Structures are given as structure tokens and as C-alpha cells.
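Structures follow.
Each of the next two complexes has subunit A plus one other chain: subunit B in the first, subunit C in the second.
For the complex of A and B:
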């Protein structure tokens, strides 16, 4: 189990940041991601593997409005 | 995804990002290569050739390339200062020096090539310090930053020069000063005699960051230039916050029919219909042209429609009308009649729900079948409003008025109408579903001007990011953002460029939601305008708080500034009907279990609606207390005398208004 924005998400072996965003339906363009407080560059979403128990933050910066 | 490639630079093996330019790779490796036409915010052009390097490709083939526009795609060997390269560069430097002997960047770059004298002499020497060295940066800036083609090259060989068409000042130049910003010699100058800023260069340097972000980042972020605020329709639908059928739901399978690219591909034809700020490189306003109207007094005529933008498109969804041409048509007639599209759509959505629920019938609507999705009936209602005829006369009075009349005269269900009538302080709510964001319920309902999101938009921070979980966190957000957003109004500045594009490194900032880099740019802008140098967050908050509290007092004078005026209708807070509850049953059941500690099994939907409601209304009350306190207001929602004093606005006439309500 990992947490994403303080919500629980089942962990799967080999899960990448991109997989996490997909599982959460996070399709927004202005997301900044950190895994255990380490910022992950957009270019690495496909390759950065999220470990079990990780604390993932996917910060949506608001716009519009 | 960034693929890395191993290359050797000056016999040292390094890793380079695939598809980056050779210049980037060389600089990342700590090697120096001179450049003249290159600018970090512009696409490379390869015209000065000073950045040349010698490379050996996989096949052993050696050649000279301009590094600024050579993409690294294979494991090459690179020499930045081979004999050939050094010789070529020297020759180039001498040629540049002979033509522009006094231009500073030319002299500087020649020096790094070891050249101080030139062997060449020509008839075309321009020895001004601020000579145009034909680097073309200005041409690219105009093209890339503002998608214009105002400055360009004209003439050939020695007569080549940079100019505007026909050598005259082009009226299409928006005065963004991007060209001047990137010019390395100062050949282009800003002559600002329109409003006499104290420090035009300071303003330009702050503003130019946005121009570069628009060119480089916007296409990857919100595509504001391509689709404007229309991009929000897609996002809101995907996050279940697009108002559908009077805010009952947050998304709909048919919403794809009104996604932004539908408008972009089929309807929008031009930018800047609004004639917004001169020089705005975001140019988010979109217009539809030509559009043939299907109804009303101008039926059959082809017109230009200023829009539609997010709120108007979302308003169509709120009326259950997933038809882009309906959105354009009601947009046009609202503009033409002087009716606000938000008020019209929110009010009509309310009428539609009341109609479908049998609270009113065709007897009351003059025969109009005002069901969700009935575009023709909605447009007819709009025309009636403008003509002052039929049912349109009533609906034109707004939701608050309708509720009263229907209860008093038609025996409608008062509580139901109160719950589904999306207005606060008599103003119709703007187009976002706030059920899962307590902070935004407050953001709308406590806003002094009524439920518009001009004061704050906290849904992502609250509902998606879970960044402001406690009442104190929410209160802090409801303190800061309304003051920050009020500040735009104080200076007459547009809000859109604050957070509809964000700096590439914004995510590294502590308070990323505040987009601190852009806040600083706004401060530099105001400093440059006024000739001051001490704008800060503290000062901004104080300036705004004065006006904000004054607005709250005016609100009180108009009869709205009390706690009782700051409550949302329940539709804004949660599911009113069993149908609504059931549509998101998993989510609500989970909340009952986890937050309210009630077991939802074996309970009817009606019971569950009731329990959830008690919980949410109680949460709202608790939040209100904390928010008022943070704002410096009494429990009743009136600014305290101490707060007025602290802000230096304890004028006798204001004190007189608030004194009776101090606790």
C-alpha cells in the first residue's frame, strides 16, 4: 500500500510514477510529483519506480478560476 | 521520458540527454563555446556560426556543425576547440569585427576567440555601439513569444536589415517589447511614453519571463494560447467538478462533445477578440467567426462571437446541453443583450431542475418545456428575458426572487428550492462543483461580492491535493487567496498570467500554489510602474486587506454582510437527492464510514443523505468560526474594531457601521 495525497492506493511491484498518476486518474497538466519528499522530474515519470509504503504527493497547481 | 546517450567531449566521456542540443550538452559538461545569435529562451537558429564544434559521427565521418541547433541523437565524439574550429571561429570573429567594430557583444565574443584586430576592411562598417548585428533574435522573439511577424529581415547581402513592413511602424505590434529584451546590442529600445512608468526596464524584465514561459511551457501546460480557459472544461469533467444539470453531477459521458479541442478544431478562429491588455503574449481570449445564428432577432446572420470561454461552456453542461453550437449561440445573445452567461445558465439550470421535479409546470412557464438538454427552450427563454415577455420576465429576476414567488404563489416546496437554488447573497454561483471541497464552499459563500471564484479557487488544494486538511489550514487559504486576488483588482491587473502558466521550477517552491515566482514578477511590475522598491507579501496583504474589509462593510450596508448571508445552499455542500447520492454512492458510503463513523449498510439513501448532511453542515459551521477569526471578523462576520484600527481604516463613518455588531 502507498499513499497518494494522503489517500491509500494498492501498491504493485514495479509501479512507476506514471502508473500511479494513471491509477489515480490524475490527467491534469500542472502536477508536481514528489515521492518520499524527493521531487521527480516529469521526464522520469515513466522510469521512476515507486517502492511499497511510499508517500507520494501529486500536487495539482490550480489554474483558471 | 529522458533517454541518456554517452558522448565524448574533448576526449572526456559524458552523458547527454537525447535530443538536447549539442550546445546544451557541451555547456552541461562545463566546456565553453562562444555564441552570438543564441538566446536561452529562443529556438536556435544557427545563423552566426560562432558556436561551431567538430564532431565525429558513428561511421567515423568528421564534420563541423553549429552546436546550438545540432540535436544529440547518437554517441558522437565532439571537439569544441579543434584546430579547424578555432581557425574558422577566428575568421568569423574578424569578419564580424570589421563590420561592427564597436558593438559590445561582437567585441566580447571576438576576444574569447582571441581576436582583437581585424584584417578586413569593408564599405559597410557600422561602428555604432548599438549597431544591429543581424543576429535575428528579435525576429524569433516576435515569432515565438507573440506569434507575430512584425519585425523581420528585409533586403539582401550587405543591405540586409531588420525592419517592420515597409519600414513603417506596424500598428499590429502589440508593444510587448520582447524584441528589445532579446536584442544583444540595444539596437531596439523601448520608448514608453504612453503611461510613463518609473522604470520601464524593470517592468520589461519581469514581464519577459511570462513571454518566454508562454513560448516554451504553455504548449505543455494548459495550452492557454491555443484554447484559452476552454481547457478547464476537460479538466473539470475528468475530476468530477464540471457542473452538470444544476450541479447535481460533476461529469457526464456527453461532456466530450464540448471539450476545448472541439471548439478549437471547428469554431475558434482568432485570438484577442477582447482587446485585452496591449502586449499580452498569452492572448487567451478566443472568438468564433463566422457563426450563423439559428434563433432570435438576428437569425440567419453571420456574426463574430467573443468566446465561448470556460464558464459559458460549463454553463451549457449545467443546463444539460452538450452542444457546442448552443454554447456559442447563448454566448452571443447573452453578450448582445447584456446578460451575464453565468447568471443565465445557473438560473436556467435551477428552473430546469424545478421543472423536472414538478415544482413548476408548463402552466407557469408559458408552455416552455424547460427540461435539461432542451436547447431551443433555453434560447427562447433568453430571448423572452431580453424582450421583457412571458416567463422570461420572471426568470430575469434571478433565483432568489423565483424561489420566493414559487413558494408564495405556486405552493412549491420551500426547502427543496432552497437546497437546489444555487445562489448566495442573491448572486448566481459560478460554474464549479464544490461538494467535495469544504474550503471552496467557504470560498464561494463568504466571498463579499457573492459566489464567484474571483476571491479563491481552492478545490484542487483541498479536494485533490489534501493540502489543507484542518480548519486552520483552510482558514489560512481563505485568508491569503482572497487578499491576493483582491490585489489584482487594486492595480487593474489580469489574474490569468499568475497561475495559468507556471515557471518550470515552480514545483520546487515551498508554497507552490501561490506561484511565488509570478507573485514576485507582479511586485516588480508595480515597483517599476511607481518607482518604489519595497513591494512584499506583507505589504500586498495590507493593501488588499484595507480594501477587502471596506468591501465587507459596504456589503453590510447593502444588507448582506452577516454570518447568515454566508451560507451556501445545500447543493453546494453535498447530495440533496437520493438520485445524487446513489450516483456517487461508493464515495459517500466511504465517508459515512470513515468520517461520520456510521455504518451505511441497511440504510436507505434518504437516511444516508440526511446523516451526511448533518455532518457536512456542522463542518461548515466550525470552519466559518475559524475563518472569521483569521480574517479579523466577529463570530457574526463583521470586521472587528481592532482589525480596522490595525489596518488604519478606523474612520468614524466606518466605525459607526460596525460598532453595533461587535461582540
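For the complex of A and C:
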């Protein structure tokens, strides 16, 4: 089991950040993601493997400043 | 003069902050207000970057005045920051930040404050800073539009990046000075805390 934005998600061996975002139905075009407090670059979503019991955070990036 | 200027600061904070350098990417609603708060806290060095000029529509939320209309934002803001603390060391870049110049311009800073307007720009700034400086902190504004709803404003950490704001609202809702300034000051507050506690 992993945690994504404080919600539990079943863990699967080899699941990537992209798999996690898909499983959570996160379709934001602009997003910031960390796994166990490590920032994950967009280019690494398809290859970064999420370990069991990981804490994943995913934030939508908003316009405005 | 400086000793009196910071007489009411939190004990022990000014001595730390005067040795620190913060870079502010963008001098609009977030950047201009955050920069003023950082200077008032006693920060020693500030790097500013923005390519824009002050327009009348900026005055509803940005740290500028009627007399600044048409002036470069970095020049006008530098004037006000020096008016707060003449000893502040400013490095000013009248330039559009890009993936290619970010490292050389903002790299000397201990910490980066993101103050862009468009989400796409925020994204490349976050990606580029994190790739080149994975050990350095960054503080971003994220969701500051609309009115009221103060309870929704929060700080969320993603790795070494802190996001300040509600994480939801979009500028198409319109921008209110009070709410923008709260988030700008949240950014400054997080930056000051990281610097004073020796984390950045």
C-alpha cells in the first residue's frame, strides 16, 4: 500500500509515478510530484519506480502571481 | 540606523538573515510584496529578475505606485527596497528568465522564491531549479486568486519545494490585493523560517 496525498492506494510491483497518477485519475497538465520527499522531474514519471509504503504527493500548479 | 531599523525583529533572526541571499523570480504581485517582506526582515542580499514594466492594472496588488507607471519593475522595486533599508545588497536583472539563464542569474542565492504568473512558467522554473540545485529550497505561490477563503491558504511541501496558497484557484477568477499579499507574505515567511533555522 502507498499513500498519495494522504489517500491509500494499493501498491503494485514496478509501478511508476505515471502509473500512480493514472490510478488516481490525476489528469492535470501541470503538476509537481514528490515520492518520499524527493521531487520527481516530469521527464522521470514513466521511469521512476515507486516502492511499497511510499508517500507520494502530487500538486496541481495554478496560474496567478 | 540599521540596528534601530530591526530593533523589533525576532531576536537572533537579523544576524542570520543579513548573511543570506534570496532570489526572487518575477516582481509582480507575489515577487514585489515578498521582496519587501524579506528586506523588512533584515535579509542581506536579494537577487531580482523581471523584464516587465509597471502598468496601471498592476497597482491593484503589486508594490508599485502611480509614479512608477512605465518604469521597469526591477528599477521601481529596487527604489522602494532601498527606501526601506539602504544597506540591502541588490542584484537586479532586467531580463526574462529562461531555462538557459536561470542557473547563472539565480544560482548564487541560498533559496529561490518563485513569483511567476503563468503555471507553465512555474513548472519549468521548478523543474530547472530542482534539477540544478537539488539541495536548495524553493518557495512557490500556488493558488492565490479570488476573494476571502483565507482558511484555504496553506503551505504544502513537495521535496525541497514549498507551495503556498490554496492549490486550486486560478487567476481567471480575478486577483485581490489582500489575498495575493497574504500568499506573498506566506512565501516570505517560509523563506525566512528556512533561513533562520539554518535549513537553507
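The definition used in the following text is that the second predicted complex is superposed on the first by the 62 of 65 C-alpha atoms of A that agree within 3 Å, B and C clash if a C-alpha of one lies under 4 Å from a C-alpha of the other, contacts with A are read in each partner's own complex, and residues count from 1 in each chain.
The rule is short, and it goes like this: contacts are C-beta pairs under 8 Å (C-beta built on N, C-alpha and C of every residue); 3 or more make two chains touch, one makes a residue touch a chain.
Quick caveat: nothing in here was measured; it's all calculated off a predicted structure.
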| item | value |
| --- | --- |
| Partner chain(s) touched by A:38 [first = subunit B, second = subunit C, both, neither] | second |
| Which superposed partner A:53 touches (first subunit B, second subunit C, both, neither) | neither |
| Which of subunit B and subunit C A:7 touches, first, second, both or neither | first |
| Per-residue touch tally on subunit A - higher for subunit B or for subunit C | B |
| Subunit B versus subunit C as contact partner of A:63, first or second or both or neither | both |
| First (subunit B), second (subunit C), both or neither touched by A:25 | first |
| On subunit A, the residue positions that both subunit B and subunit C contact, one per complex | 30, 32, 39, 41, 57, 59-65 |
| Touch list for subunit A against partner subunit B, complex | 5-7, 25-30, 32, 39, 41, 43-47, 57-65 |
| Residue ranges of subunit A touching subunit C (in the complex, touch as defined) | 30, 32-34, 37-42, 57, 59-65 |
| Residue ranges of subunit C touching subunit A (in the complex, touch as defined) | 26, 28-31, 114-120, 122-123, 126-127, 130-131, 134, 141-145, 156-161, 163, 165, 167-172, 175, 180 |
| Interfacial residue positions of subunit B with respect to subunit A in the complex | 1-2, 17, 220-223, 229, 231-232, 235, 238-239, 310, 432, 453, 457-461, 464-467, 469, 499-500, 502, 506-508, 512-513, 515 |
